[in-house]
Structure formats: C-alpha cells, structure tokens
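The first chain written gets the first letter, and so on, giving A, B, C and D; residue counts start at 1 in each chain.
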Amino acid sequence: MSSSKIRVAVLGATGVAGQQFLVALDGHPSFEVVRVGASERSAGKRLGEALRDASGRSAWTCREPLAAAHAALPVEDAAGMSADGVDLVFAAVESDAARELEPRFAEKVPVISTASAWRYEPDVPVFLPAVNLGAPGAADHTRLIDVQRRRRGWKGFITPGPNCTTTGMAITLKPLHDAFGLEKVLMTSLQAVSGAGRSPGVAALDIVDNVVPFISKEEEKVEKETKKILGLLDGEGIAPAPIGVSCTCTRVNVLEGHTEAVFCSFGRMGTLDEAKAAMRAFGRDFLALGLPSAPPTLIDVLDDPYRPQPRLDRDAGNGMTTVVGRLREETTLGGAWGLKYVLVSHNTKMGAAKGAVLVGEYLLSRGYVK
Amino acid sequence: MSSSKIRVAVLGATGVAGQQFLVALDGHPSFEVVRVGASERSAGKRLGEALRDASGRSAWTCREPLAAAHAALPVEDAAGMSADGVDLVFAAVESDAARELEPRFAEKVPVISTASAWRYEPDVPVFLPAVNLGAPGAADHTRLIDVQRRRRGWKGFITPGPNCTTTGMAITLKPLHDAFGLEKVLMTSLQAVSGAGRSPGVAALDIVDNVVPFISKEEEKVEKETKKILGLLDGEGIAPAPIGVSCTCTRVNVLEGHTEAVFCSFGRMGTLDEAKAAMRAFGRDFLALGLPSAPPTLIDVLDDPYRPQPRLDRDAGNGMTTVVGRLREETTLGGAWGLKYVLVSHNTKMGAAKGAVLVGEYLLSRGYVK
Amino acid sequence: MSSSKIRVAVLGATGVAGQQFLVALDGHPSFEVVRVGASERSAGKRLGEALRDASGRSAWTCREPLAAAHAALPVEDAAGMSADGVDLVFAAVESDAARELEPRFAEKVPVISTASAWRYEPDVPVFLPAVNLGAPGAADHTRLIDVQRRRRGWKGFITPGPNCTTTGMAITLKPLHDAFGLEKVLMTSLQAVSGAGRSPGVAALDIVDNVVPFISKEEEKVEKETKKILGLLDGEGIAPAPIGVSCTCTRVNVLEGHTEAVFCSFGRMGTLDEAKAAMRAFGRDFLALGLPSAPPTLIDVLDDPYRPQPRLDRDAGNGMTTVVGRLREETTLGGAWGLKYVLVSHNTKMGAAKGAVLVGEYLLSRGYVK
Amino acid sequence: MSSSKIRVAVLGATGVAGQQFLVALDGHPSFEVVRVGASERSAGKRLGEALRDASGRSAWTCREPLAAAHAALPVEDAAGMSADGVDLVFAAVESDAARELEPRFAEKVPVISTASAWRYEPDVPVFLPAVNLGAPGAADHTRLIDVQRRRRGWKGFITPGPNCTTTGMAITLKPLHDAFGLEKVLMTSLQAVSGAGRSPGVAALDIVDNVVPFISKEEEKVEKETKKILGLLDGEGIAPAPIGVSCTCTRVNVLEGHTEAVFCSFGRMGTLDEAKAAMRAFGRDFLALGLPSAPPTLIDVLDDPYRPQPRLDRDAGNGMTTVVGRLREETTLGGAWGLKYVLVSHNTKMGAAKGAVLVGEYLLSRGYVK
C-alpha cells in the first residue's frame, strides 16, 4: 500500500456488486480502497464482521476471498458519509439510494457507478470500454464529462456503467455497426441469478426447474442504453444511434453469466468471415493501453457450435471477455444483410463492478481521475 | 377392455416418448395397446421387466405409473414385428429406424409418429390439431392422406407430428396468421432436457448451472415445419406459407416444458386485445368435437407479467394447452404491425406422444382410423 | 358449501404453508374455510389480490390452483382477529407470532398448527397420525388435550404438528420401534428448499450447484420431537422414548420432498422381511377410519435400489405416504440388531399443512373438534 | 520441456478423469506427458481432435484449458500400447480395462491409477497422501510396493488411489484416529455428478430437482477401503483397522465436490478443540516436503456453521484441501467419546487425478519413480 495510489471509497460494499468491487480492487496497482459505505445496519462494524450474521453465517458471495485489508475497514453509513480523503468513488447501491448519494459525492470527486439512476440524463455518459470510451471520433463520449461538470458545477462527475444485459450486446454490436451499419437488433436474454443479488435475490423456489420470462424494467433499459452507447457525440449531448432495438429478457437457472441470442440486420453487405474478423479485432487500440483490468481480447469468437455456454465461457479473460458463437447469416430480418449469434457475458465482472474498475483505469490514464 | 376398441401397437415403447404414449393411452376410451415393440435387447421380456435393469433400476421416466396391463405385454423386436392384429401404430423410434420401419407398417395400417424421418415428404402431412387438422378450408391437410395412399399404394399411411419446438410456436402463430397475416417470425427457444430422452439424453454435467446454445438440426426443422404446417393445400401437395422464419434453439436446465420467446410481424394492423381474443378463441370448433385427449382450451393467455413459466404452466390442460404471456407490440421487426410474446408448451405431451394420440382421435372420428 | 361443515379459519394464509392449507381444504367434505388471517400488510384485501403484487406477479406457489371461493375471502389482520364464527383454526404463522396468537384462539376453539412455538410444552401433544394419534394404548397422546384444557382453562386447545423433518423419520421408526425396540437412531437429512418458504426462502445463489450443511435449530427439533412423539403417556404428561437420536440436517437443491438417510439399532433381533412387513402394515387401523386426507398406505417400501427419490416419490399417496427404500441390515451401530434405510417424505404435505388437516379430521371423528 | 523430466503416459486420456490428469500435469515441474492412450475409436487422432466430435463439439469438461502440447499428442490405442519411452503411467481407465491393462504396464514401470480393479489385492497399497504414504511407522504402506514387486516379479508396480468418496473421509478420520482411537464411523455422502463421468454420466433427467439414493458398489468400496487405508503394515500385508464403518451413498445435484456427513465414536475422551487442532495440524511433515501438487493445508476446519459447502469449498487448496465444518460432539453412537461433522472433498482433484499426481510426486521423492 502506498500513498501514491488513488484513494477509493466503495459504496454498497456489503452487497453482491459491492463485493465484486472489492475483489476487483484487491491488490490493484493504482487503486486502494480506503473507505467503505453500506446501510446504517452495518455501520460501525468492521467490514469482515458486517458480512457475518449473528449465527456466524457469511454473506460473502464471491469465489475469491475477502482481502484482509478490506475486512478490517470500518463500515460507514453511506447516507451520511463524506468524500474526505477520497479521490474516487465506486458506487454499487440501489437505484433510489444512488439518486441521492451519488451527486453528493460527485460535487467533490468522480463517481463510477453500477446503478441505473443517472444513466438517462443527457449529460451523463454510460461508458463501455472501447465502445464509447477510448473510441475514435464522435463515438467517444468522454467529452461529456466536461459538459456535465460545467453544467452542474461539480468538481467530480457521475458515470454509470450500462445494465449488465446491455453490456455484452453493445460490445458485440459495436464492431458490426462500424463495419456494416447496424439497423435492427432483436435479442432474447437468458440471464443468470446473480444479477438479482442475494437478499432476497432470486428464490430457488422460483428458478429451479424453471425459467422466469420477465425482469422488471430490464428490457426498457437495454433498448434505451444500447442506442445511447452506440450513439455519437452531438454538441453537448449524444445523438442516439438510429437503430431499432427490441428484446425479451428472461431469467434462467444459471449462477453467473448472461447468455443472449441476438438477431440483427445491417445497411451494408458483409460476410461471416468479415464479421468474425471485426469482432476479434475489436478494441485493439484500447487494449494496447495495457490497463490492469483489461482482458487479452474484448471479444472471442468460437467455432464449436455448442458454445458459448455460460458455465464454460463466463470466466474468459477473467470475466472481461465477451464470448460469441453460433454466428450465422440472418435473412428474415431484412436489411442489406444480417447476422444471428449467441453471446455470453459475465454479468458481475465486465457487466458490473470489474467493468466499472476498467472505466476508472481508463479515466485515470486520461487524467479525469487523479 | 373391449374388443370394440381400436387395437394399437406402440413402437419404441421403452424410450421416453414411447413411455409417454403408454401414459396417454392408459385407460383410453377408444384405443387399447395390444402390442409393443422396442429394440432387440428388450425383445422377449415383459415390458415391465424390460424397463428394469439387472440392478432393479427402473427406466420409467413418467410421473404417472406404468399401467399393469401395459407392464404385462411381451416386448417384440420392432425390426421384425408385423402389423397383425393391429389397427393403428403409434411410433416413437429414432429417425433412422423410422425411415425403415414406418413404411412397412403403413402398407397395412395408419402410423402416427413422433419421428422426423417422413416429415418433409411432399405427400406426408405434419398434423397439428386445429392448425392443419380439423381446420377450415385449404388450411386442413387431411386430404393429403388420400394422396399419400394412392401414390404409394398403401392401405395405411404415415403422419408424423411436428418437432416439439415447432408445436407451441405454430399453434400460437396460427390464430395470429389468420387474423393479421403473418409475415416474419424470429424465435429463441429455451428447451427442456426431456426432449433429448434419457440414454444418453442431456448429461447433468452439461446443463447444471448452464445453457447449451445449440441443438443439432433443431432450427432447420422448426423453420421448415412451421411453413409447411401453416401452408395451404395446393393440388396434391402443400404450398408452404410465404413467411420468413428464423430461430435460435437453446437447451436450459428445465426438466419439461419448452419456453419460446417469439417476435413476429404482420401484413395487417391489429390490437393487443384482438390478438389475445384470437388466441383465446383458437380451435373452438376442434375442441367442440370433445376428443378425449383435447384440453379445455388450446391457448391460454396470461396477464401476470412473470408468466408463463415452464414449471408452473407446462401442465395446463394436462400438458395439451399452450400458455402465452408477455404479449406486447413489436415495432422493430417491420411490417404493418407486430407482436412479441413468450410461450410455454409441454414438449412430451402436446409436443410429442399425447399430441399424436389427439391426432389419432381426430382421424378416428373422421374414419381414417378404423 | 353447507352450514353443517366445520367452519375453519386459516392463519398465515398468504405464506407457503398457509397456501398448502388452502389447497388441502379446497373441496373438503367436512371443513370449510370461512376466514383467513395474514399480516397487517395484506389485511383488507381479498385473498386473491393479497397474493398478487403491484406488478401483477402472483405469490401463489402451489401446483394446484387457488380456489375461487378462497380467493374471494377478505384477509384479516391475524394479530387482531377474533374466533367469532369459527369452529377450528389451522395456523401457519411464524413461531414468534404463534407464541402470541395461538393461545388467544385456543381459549375458544381448537388450534392445529405447523409452528414450533408450543411443541415443547409438557401439556401440548405433537400429533402424528397413527403414530401417537389413533394409536393403541399409552402411545396415543390424545388424552393430553384434556389435560391441557383443564390446566389452562381453555375451551379449545393447541396441537402443533412436528417439524417436517421429524415427520418422515418418526413415521418410519414407529413400526420398527413397536416390533424391535428402537435404541439409537442417527440420521442425515437432505431437505428441500420449499421448507424455508419463499420470502426470502432459500436463494438460488445459495443452493444451485450446492449443498448447505446447516438449518438453524432443525437438528434440536428433530431430536427432541422424535423422543416426544414416540414416548408414552405418563400421568399428565409424556415420558419421552428412551432412545438416542442424533442428526445432521442439510439443504439440497430439491424443490419439494425431504430425503433422509437413517441408521438405527434395536434391542431385539429381526429380519429384513419382518421390518418391511411391519412398515407396510403400519397404521392399518388408522387408515380403516377412511379419513378424507388419509392415503391408501402410510409407508411404501420399494425394492428398486435407486429409490426413493424425492422427485419421483414425494407425491405418493398425494404427498401423505412416506416412501422407504434401500433397507439393509446395519451392524456397526451396535444393539441386538440394526437397520439402515432411506426415506422420502413430502415436507409441505404430510410434513405440514395436509398432515395437520388429517389430524383435524381425526379429532373431528373423535369429537374434539365440533 | 526437458529430457530430465519423468516421462509420463496417461491412459484413458479422453475421459473426465484422464482430462483431470492432463490438467494436473500441465506445466508440471517434474512430470512430462509424452504418450496418451484411449479407446480404439480415438486412436490415430491427435488428442485435440479426439476430444472434438464430427459437429465440432468439444468433449473437454475441465474449467482449465487443454494444453497445446497435450492437444498435439497422438492418441494411441491403450489396449495395444507399450511402455516404451515411459517412466511412469497415470491410468484413468474403467475398472475392467484396468484389470488387464495395468499389470501389462506394471511389468515395466510404475502405474498410479484411479481405477478400483486392484485396490483389494493384499499386496497392493491404496495410497492417500499423509494418511498411509509418508506417514510415521506402520501406518506408512510404502513398503508394500517392494512386496508387490517381489511377489509378482515386476519392475514397476500398481498403486490405485482410493474411491473419491473414501478420500475425504479417510483424510479427516486419520488425525482423529491417531488422537482418540476411532471405533465406529457412520457416514452419509451427498456426491457430485462429475464422479460418474460424462458419457453417459448422470442424466439431467435423473438428478435435476432430485436426489438418487444409491451408487452401485460405492458403499462397499468406502467401507473396505477405509479400513485398509487406516490399517497398519503387518508382515507382508496390511491389517485392516479394527473399526466399524457403515455408509449410505447418495447422488445430489452438484457438479463437483462430495459432501459427507460423518458420525464417529472413539475409545478415548477428547475435546472439540483438540479435535480441531489435530485436524488442522494434520500432515505437516508431509506438507513440509513441498511437493508441487500439495496444498498449504490438508484439512481446513471452518467455524461458520453454514460451511463447508461444495460450491464454495471444493476449490480450497486448488482442490487438494478437505474442508471440515459443523464439528459437534456426538453422544448417541457410544464409545468413550464421539464427534459429528460435515466435510467437502473435491472428487476429481484430491479424490482422483490430482491426488494420484501427488502420490507420484511423493514416490518420485522417495526414489520409487525414476
């Protein structure tokens, strides 16, 4: 631990997403967790204790262990917490809490969030690495940070990541959009239970031997966010990408890793080989920055027709690589050309905390975090 | 048991689909199982014994018990079995075996099958109750039986049912097609493991905490069969419905009941209420026949946004009702109007053996079986 | 509905166990649900509405539907509810609530409960049909009702059923105890998730691809209740059976049906055939009463070594028959003789509400309910 | 790769256990896989191809990838394979094949096996690291190798590892036996599906929402092997430990990691703290050898009552540490003192291939492999 590291606060540290932040930040070369916030109930305890109930039961849900340094941190009541001694906030609180808490911190320091509360504000970028962050030209939304700060008079800013279901779809569509001009996308998701957290989360009684065909507000988020993320900077805002997006989001009996079946059409002709090549090459410039949480490749394309599978592919690139398979031509949807494919994206790694940490690393490299 | 019942042989009686035939025929008012065929390995044993291995382990997979009368039947080697003393054959054998076996029986008696072997022959109807069997006008394919008999010189005939994944989609699309003129349909299936049988079937090691995004040959079947089933009689064959069909078929960790997320577009405008009404009213004339295996309704439409769920809805109408939910307007796909919805269909009841028994009941009522 | 039926109130009607009461009482020949109580939150709504949240999602968890007559009942706040117009109460509330609520009703009418709150009071019998209710001699605990009434000055009484994990073990041990003199029993349970209810219940994140080796307070309950239930009336109380009981209770990824691996030793020699015969014959006199919820047999013994399995055997006797298999001699435990076996018992039928209804039916036949 | 490494052949390389050998040997500092054998069907292909079927589907089941160097090895027909150029054989073939194949190799080189075929021969040690291999005094069975070689006239030898269910129980019992004198042990296992391999393995249709209470021959193996492994060298053989062992083995819906509920009694008094300390200290001398596949601790004892859980604890010590929890005193079983506890052991790591590799490493350090 060195005083030269960026001093980080994690809000919502006891929840599933907050725990993933702690794992993503354990031993991080640039970031050091110095304060943790949670609900009033946990305040005053050490984090290690707060994650253990009266019976000794642990609320820790990650495969990786809780770092001793993190376990020893005193938990603060997030509602009353200040930004003192903090350079950067990673926030993993519920949307209602985020609505209130995040601006309070953003007055002073950058807030990188997994909550949806601020995603749809015109001056708030929804960063997805290499897609609209560290991307060429008007596709890069970084400049919106300056707009936001100026308009709101904040020293810091808020940048939420996309919904975990948007993440894999937007990453895989971006190189196709650049190459062939995306027009329409229809998607059915088969989402993991970890996305819903643990208390209450998805009850076993609801999902064992079952599928739940509805996730409240999820489809609207995916449709709206995809257009925004693939949109272009336009004056002081973002012009949403002029594409049609429609989806059905379901929950399946999988612990981690969202699977999505995508059908899409384009304005220009292409070939399967070109599409594969575009996906495989995606984000090379971004990856060349060598950021600590970046995977070797952003998209892997597999030829085994039985892949991707969430259990086998969610951990690709330590959960930061989106894995694509079953790439086929799609002729029914119309347009000049079309594709259908299946993707697997790790919903609590790239799709949540670790993706947010990668955003933080990029913003650090660009001087937005310091 | 009465000699006035139709004497039935069940082929493939030891497999999952064959067992479902036995359950569907147990205590049937019109059909009586008098002979059962299976592989050479089982031949010579009583069916009850053939379903029990050396260790005493039962290979019976249905929730309902094996009827004592069926357990006592001697198993014959299907490969060498004759049609003597049999009025009707229900066949549940693998496709390769069906290719050879079914015509041998069809020379003498009707064969109603769950195998895909003969589905794509021009003179072979793929019956789906109320959709193209007992339907009005040229949508009814029954007449093809006569064509088939004449062309092939058979006293009997072969009528395979559709693939279990086609079933729910074609049933729900039919009333929409009639009302609004179907143009395009894109579908992602989340299929149960029982569709793959038991030996080997889907290994737990492949599906627990997982999704498998590919089922060999399934998508081609669904695309081809849907057009054929929704097509119209045209001279001595069927003119496939002029619709675009595209799908991605996946396997999920569900025991029984296929879930399908459907997006479709139409040539004519409609309303959600009209669509619901059309689905709910579907097949009233067919149901009015009062056939023993017919459910009270062919399609149920639920308003609870969390439904249909395979575990809760697969047994609707004793597995013979397709349950629809999440009906929403779909604007991305194009056309004059569009819909998206989710359906659950019982893959081993309506989608296999019991659906075939209902076909048999209809053909009996029309004199094709006697 | 007839005024000659016993008028029943169900407390905790919106929970999993309460719903099971409603299912067990739907169309019951002797009992009619006339009032339902739940938490304050549900009070004032019709039960059908109370079981549906703002989004239209149903909280109903049973495979059987909610009866229309029950759906129409107004939900009362159980905390303030009276016993007016009620002849009998079935209570399915949490233990803390039961501690307070049940005596208030018991002052006026009989209360048959699934809660543990009153199980360990000396004057409170824990009835298990045919084991200590309708059993011969001092093994029958019915007389304790009179003791309880007299001591407490109540017109009614409280009789809780045993814990769902005790149920199957005590039922299967009883005929063995009678025949061979039980001395020791060691048991490991593999319990279904439905026992924990739904909100929160067991989270999928905790049980998918997993076993949880601890269920709070469960082992103590099983050990204590087994001795009490197998005990003999002794003056104004029960002398616990002089047996050693030890168990480890685990939760597995099963929806319904507890599986238990039992090892036991006896004071007298016996044979496997005698043990099977004793189990199969168990409760004949009780069953001869023809009570509506009683199954054809209380214990089934299977010879297939791969049985019992919870998914295949939990519904035996409509969930009221305990299914035993893998009966083998056990020599390690000591004693004159020993056995080991596996049982499956339906935890939300015989092990909860429906078992309580059967107790109610017996008490009605004996005049304790009227 | 260096010629100074021990040249290893892996038999049964395409199966689940064989794949685990390849993973355990990938990048190994002392062992190098130079030949791989499998069934005739795979012979002649490169291993990478043999693990891929006609449709491109991979039969690889491990989370870790197949090493490129292993993928490139030509698969030989194990039935006709020689020991040329091989210093050591790791065998993961079915028991019938092992009966024939293993002696053929053992004539020339050491064979370390996961099959049961030779486990019960008097001159064949069943090694479990630190329990009877590298243990003090007559508890160490290494000397039996010399007996075996002399009697059979082999240059090599056969040492099978124990059944995967024996492993965790014998490891945890050993320090208790040394400290308190084990007399009786009763155990119920909740076993993972990976133990049954993949083709056919356990069908999803058999295990989803279910428990299977029988695993053919498993209980006999565990009972016999535990006595042998905990026994003492006695002249040219092993005197089985004079303990009573009884168990019930079940299969649960878990991918990897066997859970076992153990009840045991001892000849001497002890305390819970002594028992914990003995388990935690177990194998320190063995671990001090610093063998490459050895974990930091052989047994972890957890105080969280909800642990161990297979999903959370199977990977402890990279699958080589047995995790114990729920340690309680046991008074029912008799003896001077008793304990009950739950353990989780990784059935395809310590319980199979990787455990066998650790045996190989120890035998290398002692000069039995060279």
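Quick note on the criterion: a residue touches a chain if its C-beta (ideal position, glycine included) is under 8 Å from a C-beta of that chain, and two chains touch if they have at least 3 such contacts.
Quantities reported herein were computed from a predicted structural model and do not represent experimental measurements.
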| item | value |
| --- | --- |
| Most distant chain from chain C, judged by the mean position of its C-alpha atoms | A |
| Identified repeat of the A-B interface (over half of residue pairs identical), from A-D, B-C or C-D | C-D |
| Chain B and chain C: spacing of chain centres that average the CA atoms, whole Å | 41 |
| For chain C paired with chain D, centre-to-centre distance based on mean C-alpha positions, whole Å | 42 |
| Intercentroid distance (Cα basis), chain C paired with chain A, Å | 47 |
| Residues within chain B bordering two or more other chains | 55, 208-209, 253, 255, 305-307, 312 |
| Chain A residues within the chain C interface of the complex | 16, 55, 61, 193-194, 198-209, 216, 253, 255 |
| Chain C-touching residues of chain D, taken from the complex the two chains share | 184-186, 188, 190, 208-214, 244-246, 248, 250, 252-255, 259, 261, 263, 305-312, 325-326, 330-334, 340, 342 |
| In the complex with chain B, residue positions of chain C that touch it | 52, 55-58, 63, 208-209, 303-307, 312, 315 |
